[in-house]
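Chain IDs A, B, C and D follow the sequence of writing; residue 1 opens each chain.
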Amino acid sequence: MVSLADYSDVVRAEVKQVREVVAGLHEQLLQWGLVVWTAGNVSQRLRSADLMVIKPSGVRYEFLTPQSMVVTDLQGHVVDGEQEPSSDTASHAYIYRHMPDVFGVVHTHSTYATAWAAAGRQIPCALTMMGDEFGGPVPVGPFRLIGSEAIGRGVVETLARYPKSPAVLMRNHGPFTVGGDAESAVKAAAMTEEVARTVWAAEQLGGAVEIAQKDIDSLNDRYQNVYGQH
Amino acid sequence: MVSLADYSDVVRAEVKQVREVVAGLHEQLLQWGLVVWTAGNVSQRLRSADLMVIKPSGVRYEFLTPQSMVVTDLQGHVVDGEQEPSSDTASHAYIYRHMPDVFGVVHTHSTYATAWAAAGRQIPCALTMMGDEFGGPVPVGPFRLIGSEAIGRGVVETLARYPKSPAVLMRNHGPFTVGGDAESAVKAAAMTEEVARTVWAAEQLGGAVEIAQKDIDSLNDRYQNVYGQH
Amino acid sequence: MVSLADYSDVVRAEVKQVREVVAGLHEQLLQWGLVVWTAGNVSQRLRSADLMVIKPSGVRYEFLTPQSMVVTDLQGHVVDGEQEPSSDTASHAYIYRHMPDVFGVVHTHSTYATAWAAAGRQIPCALTMMGDEFGGPVPVGPFRLIGSEAIGRGVVETLARYPKSPAVLMRNHGPFTVGGDAESAVKAAAMTEEVARTVWAAEQLGGAVEIAQKDIDSLNDRYQNVYGQH
Amino acid sequence: MVSLADYSDVVRAEVKQVREVVAGLHEQLLQWGLVVWTAGNVSQRLRSADLMVIKPSGVRYEFLTPQSMVVTDLQGHVVDGEQEPSSDTASHAYIYRHMPDVFGVVHTHSTYATAWAAAGRQIPCALTMMGDEFGGPVPVGPFRLIGSEAIGRGVVETLARYPKSPAVLMRNHGPFTVGGDAESAVKAAAMTEEVARTVWAAEQLGGAVEIAQKDIDSLNDRYQNVYGQH
């Protein structure tokens, strides 16, 4: 079996740093109210090798440390770590193998995003924030059983049809988000829940009013190319 | 009257340890927003004797300590402790006497689970997380007055008809959950509230879509037999 | 003008102790999510003199200290304190003058209790917790302008018709609660919001099912006479 | 390019003090649950020069410090600061140029206020708290794209028609609030979200009952002229 000792110093140094990043981002899931008990997981793919760092399975958040994070290859086989990796590991690995620009993946069961998923409805684009972040509606992916890479396939197939969206609501399950690193994917998870909750509340007031497509395109173009520190 | 001094060192050591566990788990009830003021209680049955450790009655959470927890026998008679035990003690005791695999019981009035109970509706199984944890809908139990073992009887009778569910929503009252220890029952209480809230929100979007029974069975089988560290 | 120096040592000692109690209970309003910014106020009547201690007007919660609390007589005239008392002072004073068993009064604009008040609907008694604490529905009081004792009169007149309830929802305004001391009134405020939220959520599931009156009476009798440490 | 060194000691001292105020008020946005991730921004106009202090663009809340705040002139040009100012800077500047009594501006995407904005509905005046703070309904402003002063123009035009309201709900976007300083604008943001949530919840109970205009006027007159410490 391959172990971390078979990798270079550079890789081992990146593993150490990414373990800290991924452990720290699980605290952000808690801070923004995206997870309960052990639900939800974050991973980040390495730049220096075809490896990823992911949460261990079924461990309570207060017991997560950088060292408890699990390192696997992009087939989901464990390379380093004392615990079993998340039961969503095969799906994270599938996403990394098929979306070469993605280096961070997050899965939660955050309440309102999951409610849209349970109702089988996409979130209509009724907020300028959605134009910015998602470039349109937040799409719904297919129903899939847990424990194989079938969920990852559903994520990849859905995002191929919605290339501007960093999020997909897996039917009867919950949101998966992707990004250029794990922090971007966590931000997308927080934004997905926020727009899910806001548009849900608008629906109870008689209905959210969708934004015209040309305005969505203007918002998305500015945000992806101008916003932030650069 | 029997006192803790009549028990062996082994039993007294387990009492000390379980008092710490049960006191600590009341903090988890607060952390996940399952209780307000003094509502809600956790108990755990001992392995070394027919005793249980339970929250005192009507005491605010910030004043709960391991030593303030009350030890009773499985008829609900106090064996050790300076305060009155929870007014639900007889029901906890009834559950332990009639469900020999159960070593933890939790009762809350968590908002959304109690809302389903007040509407007299079971929570339909519309989430993969429910397939995992509950193996179907979360059932509703009968209306019962407080203060006798009548509530415990209602819990046991309902769970006999829903053997995969660790939770029952007592009509007009709130959820009771059971587990192999108190932590498992607290986890079930947190999950019950989370699925209650999520499916409630899906109902406001036009209705939660239930999962097919064969898929529920697949999810439950995998989760109960494969998930977590083992 | 009368000042605290005109009172006995016993009274001055009770003022000091009650200032600490009332300041501390404002933190409980925050902990249970009952207030935003400066909204909401707590008072407690003294046992040793016809005086009360109440929150100053328009001061942010993080700046409240025991010493910032204002002492007034039961007409609402300031006896000690450097700041203006709450604009609800005349109403608190009216309640104490007309309800001799009440020694604590709390007013909040907690979200769901105030929503029922804005809809002009009483909260139907659909929870065993409501049978315990309120002995029936939580009643709605009349619309009243702010700044005089008119609100206090509305509270007293409504509670005369609902003598088992410690809470009244003032129409288009928010809840007032009373108790044997300020802590009991704060507990009633927390419980009012919790049942308001839970029954509100049940209404969205098709309707909360009310409990039969004879069962409400049984619950209330047991809770008021048996529950808690005694 | 103009720099802060071109200004007097008095101005530089006010910049230092306002940077601390504005940075500290971003924590209040978090405390009252008005923002997620980097959304939302606070600014304050100086008294000693035609300058304002505003949040940098796209920076997470835990990394905001007084020194990271950006100083711009009232055209939105940067005068001091190492980072890009908020992408809403031109709109804040427009508001200050056209509303000479306004010295604080806040923008959030707080959930329920934004839900009313997404549904294109003003919040009806159904709470005495709204009579106090808003003197009527909370109005809806026009749809505007992000990144120019167009949003600021929409805010100014809407508030000209609702001169008692410190808040406007920009359609499909979120609330902007104004005040005599940044703290007043943050208070208005917190109150806007609270009344948005409460009236939203009342709408789900069959409808919020609006207050008669003469009563709204009485409430607003008393509150604006009598309330608080003075």
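In this text, a contact is a pair of C-beta atoms (placed from the backbone, for glycine too) under 8 Å apart; a residue touches a chain by one contact, two chains touch by 3 or more.
Nothing here was measured: the structure is a model prediction, and the numbers come from that model.
In summary, the pair chain A and chain D forms a contact in which the copies contribute largely different residue numbers, shared numbers making up under half of all those used. One finds 45 Å separating the Cα centroids of chain A and chain C. One finds 32 Å separating the Cα centroids of chain A and chain B. Looking at chain C, residues 204 sit in touch with two or more other chains.
Contact between chains, per the stated criterion, is found for A-B, A-D, B-C, C-D.
Put simply, chain A touches chain B in their complex at residues 36-37, 39, 56-59, 83-84, 87, 109, 111-112, 114-116, 118-121, 143, 145-147, 171-174, 200, 203-204. Residues 32, 126-129, 132, 187, 190-191, 193-194, 197-199, 201-202, 204-209, 211, 215, 218-219, 222-223, 226-230 of chain C are the ones that touch chain B when the two sit in their complex.
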